[in-house]
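Listed after this line are the structures, all set down as structure tokens.
Next, two complexes with chain A in common: one pairs it with chain B, the other with chain C.
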Partner chain A sequence: MKGPLLVVEDLRCHIPSARGTVRAVDGVSLTLARGQVLGLVGESGCGKSTLVRTLVGAAPARASVSGAITVSGASLTDMPYEARRAFVGRHVGMVFQDPMSALNPVVPVGRQIGEAVRHHHGLSRAAARARAADLLEQVGVPDPGRRLRHYPHQFSGGLRQRITIAMALSCDPELLIADEATTALDVTVQRQILDLLTGLARDRGMGLIMVSHDLGVIAGRADETAVMYAGRIVERGPTREVFGRARHRYTDALLGAIPRLDAPPHTRLRVIPGAPPDLAGTAPGCAFAPRCPARGERCESESPPLQGESGGHAHACFHPAEGETT
Partner chain B sequence: MTAGALAAPRVRLGRSARRAAHLLAVLLLVTLAAAALVDLMPGSPSAAILGPTATPEQLAAMDAEYGFDRPFPVRYLDWVGGLLTGDLGRSVQSGQPVLGTILERLPVTLEIALLAVGISLLVAVPLGVYSGARVGGPLDRVVTAGASALMSIPVFVAGVVLIYLLALTTGWFPVSGWAPLSAGLAENLRFAFLPAVALAVGETPTLLRLLRGDVVATLREDFVRTAATRGLPRRYILFRHVLRPSALPLVTMAAVVFGRLLAGSVVVESLFALPGLGGLALQSIPAKDIPVIQGLVVLVAITYVVVNMLVDLGYTVLDPRTRAR
Partner chain C sequence: MTSEPPTPLPRPEPPLLRVENLVKRFRVPGGVIEAVSRVGFTLGRAQTLGLVGESGCGKSTTGRAVLQLPPPDAGSVRFRGEELTALSRRDMRRVRPSLQIVWQDPRSALNPGRRVRDLVAEGPVIAGRPRAEIAGRVDAALAEVGLNPAEVGDRRPHEFSGGQCQRIAIARALVLEPDLLVCDEPVASLDVSVQAQVINLLQDVKARHGLSLLFISHDLGVVRNVSDRVAVMYLGRIVEIGDVDSVYGAPAHPYTRALLDAVPVPDPLAPPPGPPLKGEVPSPLRPPSGCRFRTRCPLAQPVCAEQAPDLRPVGDDHQVACHFSLKESPVSRSSAPSRTAVQDGGPR
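Up next is the complex of A and B:
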């Protein structure tokens, strides 16, 4: 199939609240090819979860959403609600942060894995069971045939997340979205799950979006990285480029805040001063300006556009860093 | 593996032991209270039963026959002993064995109560789920207002209105009376329907509101969102993923309602002239038919405890997390 897997153009998700409109996603554009891994990083509250939820049509009910989303050439934003939900169910898999709450506690896991494929592809009960067992095997759950009958509380955290991955894979999606999929797990399990996700994406030729606040999760796994701040993508490019030659001041500060093992003891950790902006605010200019060491007058009045550079590395900053970090 | 496998039988034993202890404690208290009825009556029971015209000989004869003059511990142990062998004494009014009298009337009340709970659930479950799924929507507003209205209708008013509309005006159902199952299921249900609906009118709103609230809470759960992003049909999500986790309080409440209906459908039974337990209580209390009253009290207590145990079992079916592993 030709053309990119996912095209997002000028996506906005504005949520009305008592304090004014929260611009959780404010003009995001992205492209993802088949077999490509995109890392989406940013602080808590920068809108990255709202972005991926808006992508799959799970934005808050009150939100006003605009922009265009195309998956495999089909325009999601032009589809009626139920058709869109069915399309997303067939083509997009979603793995959420907390594997306990993402699974229904009173339904056996085999049924939860098999139900979507039964519905979307009309499989029989027995065929869905066999498929669920096969999927459990693929995601590394031991003794899958017996485990199908078990309930979520009978599994450890890591196994539960493997089960939600099996659920997400059940309809052979072309796009897999992992929203902080390893944040609730301990570090060793985290690594196994991340390897599983990237391995599956490679083997099946799926597009994979990994959402995380943890740069370490993205580095070395994502082909491309997009950095999100205050509802916008402020920098994106090949992961090596973004991590090696960060241009946006926010990316630069974020990379500088990673604790280093080779620093001498009692070195003060570097932090980004200030707090993430209130997305309900409507101040003009760059959202990072109040915390930025390099801000100029222009930054306070004008919002910098995302500008491309050579090699697909783009940033939205009037006073970019020289890109000689690390 | 080893620890879990060894612990499992002990946990199960503990739970059933606790249940048995609970059952025994309730029965002990209830039987003591029932036996004490005799002592709590002003004057002697025989005088109360036979009235002011009774001669001393008649009183003495009744005391001797029913043992009202024996001390409390003796009477209690004798009665409990009878209870264990299925002998609850004889009715003062009819002279028939109490157990037989109760068992004869139990099926009527049991059937009406079961039907009433069944009808309530049949109405409350779909309406509760769909109105909870769209809070503030048209269906929800109609259902919420309707539930409040139904709740404020006393059962005798509901009964009279039902009799007027569905029996007197249209003639679809008999006005009153009873046909046992032996007269055929259709005939039996024709007589049972109106009383059951009259009872259900009062109980449905409670169950419906309870379920609606729990559905609203469950819909906020992550696993519902997960199911929605997987494109599962709305009705499937509501009845497979939302109803079951929301149904635990509903099951408890339905059981409580059932227990209450068994014991207390006196109004409906007398309105529809049903030969049930409520009617029996209504005859026995003014006549001070102590053996029958005692039998009814014990029966109601046993029903409550048994229903509660069934609810416990129902929980383990509905929620696998409560199963002893």
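Up next is the complex of A and C:
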């Protein structure tokens, strides 16, 4: 029974649109063990949010989804809708970017936190309330007993995000997904929330997927990193490997484009020409080819598969970078 | 990292921009917020001053008050020797072309119904530049930001990506040949790969035209890359200001230190940073007495609640507003006439 917590195989989520089918997720496979932190990084529109939404069964209604998702050995993709909903509710917690839109503004936070346990585990009102207070304490909200009765607008941005984390934890999930959970926060508060998330994952032995556009957020916290571009994972591996020996040309270029704190002022940034592709297009070949400094003929006609190397470091590139340590 | 006094450049001319005791208040439900509280700094020609801080610290309001958009409630803004706060509307209109701004969200800054060519021409037309000149200048400005005028001139903003829209916005500013460009979070809404393009572009145009930039951003990495000098703001005040290498290399204010420590570094092998700050920024409606940072400060003492620290020099072109600064260096060479309440020590 000690298999991986999460196994995703060849997941696709294609969304019909007026401009053609948007291949938001286009053949993603990944695994995550208990107690592990996976960083999922990519720029806007790369499909990272659609990927995690598809994982929890919240893909857009019109989308056609294929592939296999297994959580704790149970195949989500084979479950009927209601069973899947109940299963995900009990086993997976999710934290979103904007706590204000994740919280109901006219319901006291205590009731919102207790709602899921009452629904999924049939707790009484009083028991749910005690549980909510306990959770608020765990996520570092001061004076939890009193704060239960407060409404979301009475909290600061950082505390609101702590409340949504308490909600996500209420059913003791095995898998926690944080989708840009700190993007809306200031850096000093971001740091507190990141510490909280990784600490909780470690203490509870949860699997944690951290989705972010910010390579810095991922670098210091994730055991494994997966880089997404145009609906696919283009590179993945142990975080040190991916950051220290980036093989895919996109990862490599992205790392060079970040203004670094330790670089002298006016350091010329490496530029990635052009812009990310429109996912409604159906051009063959590698999606990064039009922006790639190393593209060859093959890149324009053939889509490179994700190939493993030693140590679980895989990349989808025909002309990989040398992967020099920076 | 180097922290020691950078060789001061000889700078005979007065600064392009000198801001003193700037105050901007807003009436909100529940009271009055002093969003900018006695802020002062100078900006030399062809220099970039980074203005950095977390949301609500007053950095954007400062940038806008400098441009008189809207005018500040108190204080002085001296631009090329002219006191902007005292100018009539007509005189302000005369100066405006020299003071341009690039906003965070280029899409909402560009009128969606107009063609790119007309968008860029708008400023010169309003400024009453000769018609015959305008078309050529517009083409030159577009070319300068890396857009082909023949290709993009007749298109409208929605046909462009966020990065391209920001280029158009920069062209709109450049076409007026400004002396000062205020950049208010110009890359915050852009992806990393596109952000680098826009940063490099701003650096290029600055160098080519000898522009001065007031660069407002919450991103400490970006600010370090573009700035010569940097001012760190907290709850409406400048807590530290100086040469970018000194401030980043040897931060003297505990807030600056914590801010730098909190930046997620894209390096898994980076050493663990110092202890995190507790809590969040207090409400600006009821800022703490004395030093506004004291409620979160690891060094706070009773005096911090009683007395607001003023900026004082801790090095050449490095000032801090803290009773217990992290960098207690003997005041070297900064016996320069400290006759005014100017809260800035630009050594010039």
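Couple of notes before you dig in:
Heads up, the rule we're going with is that the second predicted complex is superposed on the first by the 321 of 326 C-alpha atoms of A that agree within 3 Å, B and C clash if a C-alpha of one lies under 4 Å from a C-alpha of the other, contacts with A are read in each partner's own complex, and residues count from 1 in each chain.
As a working rule, contacts are C-beta pairs under 8 Å (C-beta built on N, C-alpha and C of every residue); 3 or more make two chains touch, one makes a residue touch a chain.
For clarity, every value in this text was computed on a predicted model and none was experimentally measured.
Per the definitions stated earlier, placing chain B and chain C onto a shared chain A by superposition produces no clash, and the two fit side by side. On the chain A superposition, the C-alpha centres give an angle at chain A of 80° between chain B and chain C, rounded to a multiple of 10.
In the superposition on chain A, contact of A:87 is made with chain B only, not with chain C.
Contacts of A:102 after superposition on the shared chain: chain B is touched, whereas chain C is not. Within the superposed three-chain model, A:283 lies out of touch with both chain B and chain C [touch as defined at top].
With both structures placed on the common chain, the touch criterion links A:269 to chain C but leaves chain B unconnected. Judged by the touch definition given at the top, the superposed model places A:43 against chain C, while chain B stays out of reach.
In the superposition on chain A, contact of A:167 is made with chain B only, not with chain C. Counting the residues of chain A touched by each of chain B and chain C gives the higher count for C.
In the superposition on chain A, A:215 makes contact with chain C only, while chain B stays out of contact range.
Per the superposed model, the minimal spacing between any CA atom of chain B and any CA atom of chain C is 6 Å. Chain A has no residue lying at the interface with chain B in one structure and with chain C in the other.
Within the complex formed with chain A, the chain C residues making contact are 1, 54-55, 161, 163-164, 191-197, 199-200, 203, 218-222, 224-228, 244-245, 248, 258-270, 276-277, 280-281. Those residues of chain A that touch chain B in the shared complex are 56-58, 82, 85-90, 92, 94, 96, 98, 101-107, 115-116, 119-120, 151, 153-154, 164, 167, 170-171. Remark: chain A residues 43-44, 156-159, 186-192, 194-195, 213-220, 239-240, 243-244, 253-255, 257-273, 275-276, 291, 326 touch chain C in the complex. Across the complex, chain A is touched by residues 221-223, 225-234, 236, 240-241, 244-245, 318-321, 325 of chain B.
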